[in-house]
Amino acid sequence: MKAGIVGATGYGGIELLRLLNNHPQITSITLYSSSQAGEKFEDIYPQFQGEQTHILQDLVPDMMKEDLDVIFLATPAGVSSQLTPKLQGGHAKIIDLSGDLRIKDASLYEQWYNKGAAPNEVLEKAVYGLPEWNKERIQDADVIANPGCFPTAALLGLGPLVKEGLVKADSIIVDAKSGVSGAGKNPNPLTHFAHAQENFQIYKVNRHQHIPEIEQQLSEWYSDIDPVTFSTHLVPMTRGIMATIYVQLNKNLTEDELRNTFERYYTTEPFVRVREEGSFPCTKDVYGSNYCDIGLTIDTRTKRVTIVSVIDNLLKGAASQAVQNMNLIFQYEEKTGLSPLPVYP
Amino acid sequence: MKAGIVGATGYGGIELLRLLNNHPQITSITLYSSSQAGEKFEDIYPQFQGEQTHILQDLVPDMMKEDLDVIFLATPAGVSSQLTPKLQGGHAKIIDLSGDLRIKDASLYEQWYNKGAAPNEVLEKAVYGLPEWNKERIQDADVIANPGCFPTAALLGLGPLVKEGLVKADSIIVDAKSGVSGAGKNPNPLTHFAHAQENFQIYKVNRHQHIPEIEQQLSEWYSDIDPVTFSTHLVPMTRGIMATIYVQLNKNLTEDELRNTFERYYTTEPFVRVREEGSFPCTKDVYGSNYCDIGLTIDTRTKRVTIVSVIDNLLKGAASQAVQNMNLIFQYEEKTGLSPLPVYP
Amino acid sequence: MKAGIVGATGYGGIELLRLLNNHPQITSITLYSSSQAGEKFEDIYPQFQGEQTHILQDLVPDMMKEDLDVIFLATPAGVSSQLTPKLQGGHAKIIDLSGDLRIKDASLYEQWYNKGAAPNEVLEKAVYGLPEWNKERIQDADVIANPGCFPTAALLGLGPLVKEGLVKADSIIVDAKSGVSGAGKNPNPLTHFAHAQENFQIYKVNRHQHIPEIEQQLSEWYSDIDPVTFSTHLVPMTRGIMATIYVQLNKNLTEDELRNTFERYYTTEPFVRVREEGSFPCTKDVYGSNYCDIGLTIDTRTKRVTIVSVIDNLLKGAASQAVQNMNLIFQYEEKTGLSPLPVYP
Amino acid sequence: MKAGIVGATGYGGIELLRLLNNHPQITSITLYSSSQAGEKFEDIYPQFQGEQTHILQDLVPDMMKEDLDVIFLATPAGVSSQLTPKLQGGHAKIIDLSGDLRIKDASLYEQWYNKGAAPNEVLEKAVYGLPEWNKERIQDADVIANPGCFPTAALLGLGPLVKEGLVKADSIIVDAKSGVSGAGKNPNPLTHFAHAQENFQIYKVNRHQHIPEIEQQLSEWYSDIDPVTFSTHLVPMTRGIMATIYVQLNKNLTEDELRNTFERYYTTEPFVRVREEGSFPCTKDVYGSNYCDIGLTIDTRTKRVTIVSVIDNLLKGAASQAVQNMNLIFQYEEKTGLSPLPVYP
């Protein structure tokens, strides 16, 4: 199978290349970059020197959509909204890692992203690629909107309780923390080492563009859900997201009933692991893997449920979830090419 | 003035020594350690080699309480509950940095600390040393219960709204994050470098011993307050605490009214800085200083207030707050010996 | 093929398990631990929860040596010197990741390790498993002494020049830097996060037990070599080694001649990458991989050659090099199970 | 006394402001910035919000040189070579923290810095501000060339042996490691957090502009000295330099004789601490202070001496050494305003 990666020099692109390189069904990988076409990928990233050589290619949508089997768009916001229409309708399946195709309501996208939205006909075709909750539609999709890193952690943590209608509609708070790679590879003052190291920062308070993405999915599960409070922090580490989620329940549950609700949904899912009572995951438990680990408990004093959901933001939050979606579309075993255990320590 | 530090080899003790060494009113500092008496402090901590030499002394409470003017107890939980009775009633003022004297209700202490409480007569005498809220009682105190690191950040962030009765009683959530030094200097698997670095961990979910300390003070401000949800996380950095606080209000406030409520309490306080609208502090803004920086905003979508409060856990959360209390007791200018600006980068 | 790992709960053991889990020729993996037998591995390391379950087994050498095809010893110094004699002579090949079988001269081992050496007949049989330099003997070996992390980086950097007799015998200086995982998983004050982070430490100056291992191999290549100066530093990161090597040459070489000397030895080696002139590797270039990257140059002012050699200390410096040795012994393609590209960022 | 800081928004400038703010002899501090004049310093660096307000001023050399008592130039290379001639000859003493005035030979400067040198008459007047070795000339100076961070660590480590003529002229190797703040506050790919963290990098191999500065001072101590090998590495931490120095001696010394040579020079120096035999400093031993700590030993196997010299690159390597020079010029006690002990942990 022939794969193409657009925006291969970003962090999502690099991880895609590494994963596809180990994927048994992939026979060729072509890398595309509008700004660095003609350069040798291995000259930019010496990590990747070895047997293969990749020259970054110019984008030729008409050819790509016929020659390739799958195209990954690992581009900044505002690119795939323009590019997807040109790549659609051919042979290739499209998996977009950016936020451009996730929000069904174009005006909502424009309000939170401050950019023009993709055409409505593209938005309508794009399937939200959260495999644990949307497997059937993904298998039939031509275009995947790969979920954002924070929404992946938040939604996998919230899904069972919201879907079951157990959560008070106005009670959801997601306090999320991310490693610095989530901010991408372009240097800026907030991610300058001497500033970001030995520092803990909050950013985009109440303004993060992942908020409407989270709320859209929650509303699909439970239409009466209220807006959520969602905060994002920068942790002085490269990878990893923890979402600490606080909700109030509509009815009393025991610890066992709470845990059973999660296990009912996730026990057959190969990449979600629910912890036993009293055990909570840390981000290093999933480092370098496609896992989402979830711990949870009820506070008998406050009646609030605390849910802790961790992922590797570049993998389950981006590249490996995209490969998981590809596996589903092409009917490979869901774990193909994604078997590696987390890297520890 | 003659100062003594009990438990000088812990992180709180080291910082106390550094601060008192620069304090213009301190003429002598004696270090005490039950486990390492006889050793030269500078042999254990080469950072402190220089003109002075300190030999760690055995504890002789009867002499200490008469010879010294002020005694700092930088000891683990369970020590000062035993030691304070022996040090009281003499010439020396006592400032306890541990949690032993903070909880007025002995049974509550025993429940959360899992240790025997201090005698009631000691607990009654101990004044909670949060200078911004308790200045007059501190000035008259013989014994100070120096606040915990998390409660300092949480309470300074919550004080104005709770005191004014503006907060819905059951709505308080404090999502707190701390650098690893908060766990003390004894190595353990959670703070082993290869585990803690490039990792973000949650711990003691709903079980942290700082919960009753926070609730006790909140109840003093507003007697009808409900239990709070309080979570603690380990950030891969050495110093710094951020408390991200979520509350709902009893009445609608504008951003200006919200900010004015805080400024009314803190504008005359030398160590609390309230940020302008749209600006939020990071932990490095207060690194190496006695400042608490506070940012805040109302989310118009959810009606929740987000308050971000940062401190240096070893300073405003421990050693420099203890010196601030000492300054108040002895009627020195509150900032004496505490002037240094934060260290950046 | 059936593999066993003794000492599976150490950092080397964990990485072995991850690699063998992805190795297409391995059909079963049994984990052994003398101190934690009976425990579930996944309870100790939640990273490894998933489809498989491993119960840590007691060591029964007589059975292991017949039932298993390959046994990895990932044990502390002093264990395999005792254990290898009991495991030898059966069906299983033995790959020892500790330092016990590396030093041929028992008295030298005892002097540097301060422990009793392995029996001479074991030392004689053990083949030093540096694949790039010892491939034929490894293919015939029953027992492999897997090289130390520092020696791997130092020797791959020094090999071509020393083997060719180009280095002045008394001029070798290796200034080595390692991530903290090299110190193992047992917490201690030097590797306590609050001490090791934002810190750079030197340790075991002129006393590191890897010195005789380096000198033994250098002497094999060039018998007149003098003792080397070798220093080790702790870098505030988890993984990675850089050896910065300084040598003087016996004769003048151009940059091209220097580079050609290296390429002559390494161009066919799948895991050593020599950089172009002017390019030097950093540790992240090989993170998570079995690569050793080498940069080098001659200083025209001082006539010294600087060689920069980087590896992942837990992989090429331990676990993945052990798998590489296993592949050679069992005549699998050398890269089997080791294909993953470095993880970046 | 009135002080001015040019280039106040760089890391050296920020630290100068913090130190001068605590200096008892300084009555006013004016901050200058050509690029950000008119801005409020506290808006750029919220760390510094508090009682004082600083508006960044435009440079008016004619006024500055008469109104100010001391001017610190914390500017990038190429600025003070132009600016110093305009600031000279008035009332103010000038302390230049950049490399522009350090190299006496203009052509050498131009070769290593790739910029035009300062006029010869400025270079002749500028006194190299290494207080431990140049105290008398500093006390009489009008213009100080404040030493570079690496040269400070290297020269304090090499001084006693070179000055005594004990070092073989061609044997000096300095393997230096620095925290990332040494690269300044402008973000770039090498100092981007996701690249620099969990990474160890070498840079400017044999090309660092501090090489001629080190050699110039060594030649003054011992005219027959040969070029030195000097390497620089980036450590994933913000502050701190360790120089690991290797030399061969002209004659045999015992450990005691070696140590005595250092103590002879440094025992009266308030900011250099020589360690006892067997003890070596780490960078955290001097963090946040003006100390240089030195450990040393002779390897009986190789006859080489290893010297380990650590400083805080922003303090003894820049800002606090500049204040030390100011103290000497104005005949304040050398430690004035510099008393703080290192910050630990």
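Letters are used for the chains, namely A, B, C and D, taken in the order the chains are written, and counting of residues starts over at 1 for each.
Everything that follows uses one rule, which is that contacts are C-beta pairs under 8 Å (C-beta built on N, C-alpha and C of every residue); 3 or more make two chains touch, one makes a residue touch a chain.
All values reported here derive from a predicted model rather than from experimental measurement.
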Interface with more contacting C-beta pairs, comparing C-D to A-C: C-D
Taking each chain's C-alpha mean as its centre, the one farthest from chain D: A
Gap in Å, rounded to a whole number, between the CA centres of chain D and chain C: 39
Mean-CA-position distance for chain C and chain A (Å): 36
Interface hub residues of chain B, defined as touching at least two other chains: 11, 179, 181, 185, 194-195, 197-198, 236-239, 284, 287, 345
Parts of chain C lying in touch with chain B, wherever the complex brings them together: 11, 179-181, 183, 185, 187-189, 191-198, 236-238
Complex contact set, residues of chain C against chain A: 11, 14, 17-18, 21-22, 45-51, 181, 185, 197-198, 238-239, 270, 273, 275, 279, 281, 284-289, 291, 293, 339-345
Partner chain D, residues of chain C touching it in the complex: 170, 173, 175, 177, 179, 194-195, 197-203, 205-206, 226-229, 231, 233, 235-240, 242, 244, 246, 280, 282-284, 287, 295, 297, 299, 301-302, 304, 306, 308, 310, 345
